[in-house]
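After this come two complexes, each holding chain A, first together with chain B and then together with chain C.
And then the complex of A and B:
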């Protein structure tokens, strides 16, 4: 079965890669773009896959947090499907950008150039929340995987699940705000967060059901949940139709009506019938996301669906199947619990069959008997203290944000940071929880691990470090700059000591303007890039251009005044032409001023 | 195999014929193409405007967006804007051509022209020119993730092309859809010429829109401040004497540019006693570019 799936995945992925490559090369013109949103397929695919990415962890973490028993294999499948679909989902908002290599400018951190992203934008919240969600899901999965070798890791699964529980809801709410916070009439509505979360849960459960189907078993609890979410979603659709007159019929048929065939026993109890229901749900929800992102698609106002769109869809499906099956095959039995189930186990209700290996470490009995100070209790040590630290860090981040220069001018400045508070807190808390577990549990027992596994772990650690290091490169550009808020040359010259006429003869290019006038022109026109002292506003330049040659008397003399005047007036490479804005005499005066600056620099 | 697929996808695709090679083309031929495109855009214009009455623009209602140079929240003495006199305008489209040549606006491929997707900063809607209204409370600036779309203290909704990542969120959020996205690499396809050296060419993948001829204002400001520093005066710059390219080109003087906060500005004088209108979807966002029709 795995090999068959891999073949299907490869079959979808290869043409999909062509479409992906083409659309990265060609830019957003490649796929069908909606005339009212400029978005289209990548964003609907993003919303679809991020929905799938939520349900896995939602099921695994929330079931764990709420003490609902689930066997290890199902939980691991759900978590792995989360990770894979998250990896697919993040590709799309990145590839849909017009200028790909500037994606890091979305991060709400002041980078080396003291620029700051616009924290009012839901896209910034989105970017951060999804990043944090990805890291936490990875930690959760890794902990679950490692718990087999290091039994101490089991203890931190539940705290992590409690961190993930609100985060899942938080992240999808923020994704829905991308739409709901805008002025597009179809997207206006406060119900969007609920709507998105229900849709995400619904599609995610369908995906997990699909995966279990391929594994050869089923879980009735999930199927019941699938039915419940289909009703909630139908209710929202009908309400939306009553309120806004927008309705996606195909989505309603595939994801609303067809799943109700589950009530027919002959369909429910055959494997073919079940997989048809799951796939119909996935298809219906995808159509629904497409309709949501581009309401005009197919009509005269919208563009028609092309091969690139189909290729992108094939890419996402193929990449998911391939990634999932490879990891599943690679990890093999590590993903299964002690009591594994093979083949058809339809009649086994796993929700109630307790899996012994999943039992949480019971609390220290002493904790229950004696009175413990609140701050010394077990809960405080495992979760409350990390959360406290996390929220403190988030608070400091808010204060730091508020101190940023451009925050003076943004209305509701602090309220706009709130969507970031919980993700930051959760990230810090999760790092503390995992770090503590690493120091207490993993390090002391590291020697007992097989040499082969140890090598793999080292390679993974080194790779993560390299990735982290390369990210830092985005924030360091080198060079020095005057602060951007500094008033440029408030008192450039002492006018009383200057000789000659200040106004100069602006028209004749043979004559030169006076030095103070040249200095003023330099400070107003040139200093933005070249700096008031002629030594360049390096960090500003590096953000946008290659850094030019240093100011140097010998160089200026060797080039000659005439050709420098020519460069000022007509431009060269990255230097703009100033012929419309400066006269020849002014340019000549500027060259003279440059010579003077070069001498002073020495 | 996958790599071959990716490389295959990266092969250059043809984006439509008639793109032209550009470099060898004579300037007059290029100008002819510009004129033809404007004529096509004017003849095919089908948008309508649903106008509602608005009061005369004052200081901006929304606070300034970030990224202005000074951190102090100074009350600006300028708020630039325009008023388009619908009683005079006959929809000739000369403003579009003037704007395109002034701001180096790119042409589009035949394929996109057939779909009516032009890069023009001025569209014809309901027989009158329509461009970005420079809303005081601009929805596009609120959603830009990188802060590339932002407000200058002088009331201009400006674009920082070098910081735009092309997420197109601003375009989705503009109620009037006044923003244009650079789908094509116009320079490579020979669809653009640097006719005016004061305005940079926009690269593929960034958003652009009417800038109220920001370069003319900046040029005038720098000249004014240099003169003021030499003369030792403390005069405030009010942008007097500056005109946008479209206002200059209008044969019937239907487009008036000026400073809404300056009582001596031609704009305030022209709008005095006239009834002002704005498109319905923009009216609540405090637009600085409005329409005039009839007496109040």
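And then the complex of A and C:
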């Protein structure tokens, strides 16, 4: 089955790579972009995959935290699906940037480049929260995997689960704030956090059910949860309709109505029937994400859904399948416990199995049955104290942020930094928990571990350190989002690109490109930042970059055509040089198009 | 929404809580009840908050979910086992809805109800330290939740 899946994965990935390459080369004009939200297929895919990424660990962590038995194989596959989905998800915001070579600008590294990311932006919170989530998920998966060699690691699984449980909800909530805290009217919903979490859990359960289906067994508890999630999501959709007057019919059909076929015994009890239900849920939720991200897709010009969009979807699915099956195949029996289930499984089977009781060692029975001073309990030692340290660090971070000179010229509120509080606390607490386990359990027994395993552990440790270091930088966030002070130099029209080669026509009176061609180039190269209408892509510019001065008619006239052409070709401040990709006549056509947009905006 | 309708919402939460987690109540029954309550709370908010009129109040967007969270808080007092754990979780759910609902509204120009958030966070934290929850303590907690709902 793994080989069959790998074949399917390759079949999807190869054409998907073509679409990916074309998208990276061509920029945002390659895929469908909604003209009102400026977002398109990559962001839909990001939201979809990040939802799936949250559900795997969430399920595993919640089940562990709430003492619901789940066998090791199911739990590990849920956790692995999280890691693979996360890796796929983070590709798409980078693509959406349109200018990949300026990716580093989205990292909130304060003012090292005189370039500020905006700590008030949910997109910056996203970066930090998802980074912490990635580290903790990797730790959670690693401890589960390592528990076979170092039995002492079992003891920290439950504290980690309790750290991850709220973290997953927190992170996906922050993703929902990308929408809820934005200027798009359709996204103005204070209930979005609940909405997004339910959607993520629903799609995640469907994904885990799919994976179990391919492994050759089913877990009825997950199927029950799937059905219950479908009802809850339908209720939320109804509320969304009442509050916002928007409704995605296709999502309702695929993820709301069709899954109810589960109640038909002849469908529920056949493998084909079940996989159709799971896939229907995934399709419905993908359509819902697309509808959320691009509510006007298909109703406005320039927003058609084409082969590139399909290719990107194929790429994400193919890459996930390949990554998952490769790791699953590589880890083999290391992902399985002593009891491996086939056919139908429910929690009763797992509760009575030897494997199902593996987590019980982490519990201190005294805490459950007898009175123990809160401050002296096992719970306090293993979880409350690290969390206390974590929250202290987070509080210090908030105070430090407020005291930064960078924030003198922007209004920074507690609401702007509070979304980072729990991820910081969880990160610190997780390192304390894991550090203690390393010192007490892993280090004393390290010599007895096989050399191959030691190398793997070293690689994981280095990866974690790199991720941790990046995050430390990420938390050192600046805050200024003020207009750029740099002026456009009124230099003569210079047709040389950065490498000194002549490009385009040296004659400024050279024939300009046609207006439709200029519009096409504008949409593919410039619209990511400047917006399709030339009024800035608010969602993008204000979140990440220093806000440039508006290119209204008066400003364009004062700068002059030649200087603007020069800026397009040779770049300036945060603007990329397009000299190696555009000719002089194309740049001149773009300036004319800019003028036209500015006049239309009047 | 008027204070009277707000108080009525609290009463509705209290009434709905008594149907949850009954002895030998199945997973599906409880879930269906929760979904049913969500719909009822939604209808209540829609008409009670006059959301059918144009320019409805954004503060009501997460109101049904707050009602659900309050109902869950009330319902945990009737649990036979692990009351402390689920009581804390229900309060954290309420806190989460209030905090992030507040943050999204903050970006649209509304103030965050910090008093309410701090009150819920405080009671959630301190109830996590409770070892045994007596009837008197249950009553105190319910009074506190009602006070937070109505006055904060």
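Methods note: the second predicted complex is superposed on the first by the 405 of 602 C-alpha atoms of A that agree within 3 Å, B and C clash if a C-alpha of one lies under 4 Å from a C-alpha of the other, contacts with A are read in each partner's own complex, and residues count from 1 in each chain.
Keep in mind that, in the parts below, a contact is a pair of C-beta atoms (placed from the backbone, for glycine too) under 8 Å apart; a residue touches a chain by one contact, two chains touch by 3 or more.
This one's a predicted model, so the numbers in the text were calculated from it and none came from an experiment.
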(message) Output check: A:235 vs chain B and chain C. Expected answer is one of first, second, both, neither. What do you get?
(response) second
(request) For A:442, select first, second, both or neither according to whether it touches chain B, chain C, the two together, or no partner. (result) neither
(message) Output check: A:13 vs chain B and chain C. Expected answer is one of first, second, both, neither. What do you get?
(response) first
(message) Under the stated touch criterion, which partner chain does A:181 make contact with: chain B (first), chain C (second), both, or neither?
(response) both
(request) Would you mind checking which one, chain B or chain C, touches more residues on chain A? (result) B
(request) Determine, under the contact definition given at the top, whether A:173 touches first (chain B), second (chain C), both, or neither. (result) second
(request) Answer with first, second, both or neither: which of chain B and chain C does A:127 touch in the superposed model? (result) first
(message) One more residue to check, A:25. First (chain B), second (chain C), both or neither?
(response) first
(message) For A:516, using the defined touch cut-off, is the partner it touches chain B, chain C, both, or neither? Pick first, second, both or neither.
(response) first
(request) Enumerate the residues of chain A that count as touching chain B in its complex and touching chain C in the other. (result) 181-182
(message) With touch defined as at the start, can you tell me which chain B residues reach chain A in the complex?
(response) 1-2, 5-13, 15, 62-73, 115, 117, 139, 141-147, 150, 162-169, 171-175, 177, 181-185, 196-198, 200, 203-207, 219, 222, 225-226, 229-230, 232, 281
(request) Report the residues of chain A in contact with chain B in the complex, numbered from low to high. (result) 13-15, 17-30, 33, 35-39, 93, 96-100, 102-103, 105-106, 115-118, 120-124, 127, 178, 181-184, 303, 405-411, 484-485, 492, 495, 502-503, 516-517, 520-521, 524-525, 543-544, 570-571, 576-577, 579-581
(request) Would you tell me which residues of chain C are touching chain A in their complex? (result) 27-28, 31-32, 34-35, 38-39, 42, 46, 51, 56, 58-62, 64-65, 85, 92, 96-97, 99-108, 112, 114, 129, 131-132
(request) Please give the residue numbers of chain A that touch chain C in the complex, ascending. (result) 66, 166, 169, 173, 176-177, 180-182, 188-194, 224, 228, 231-232, 234-236, 238-239, 242-243, 371-372, 374, 413-415, 418-419
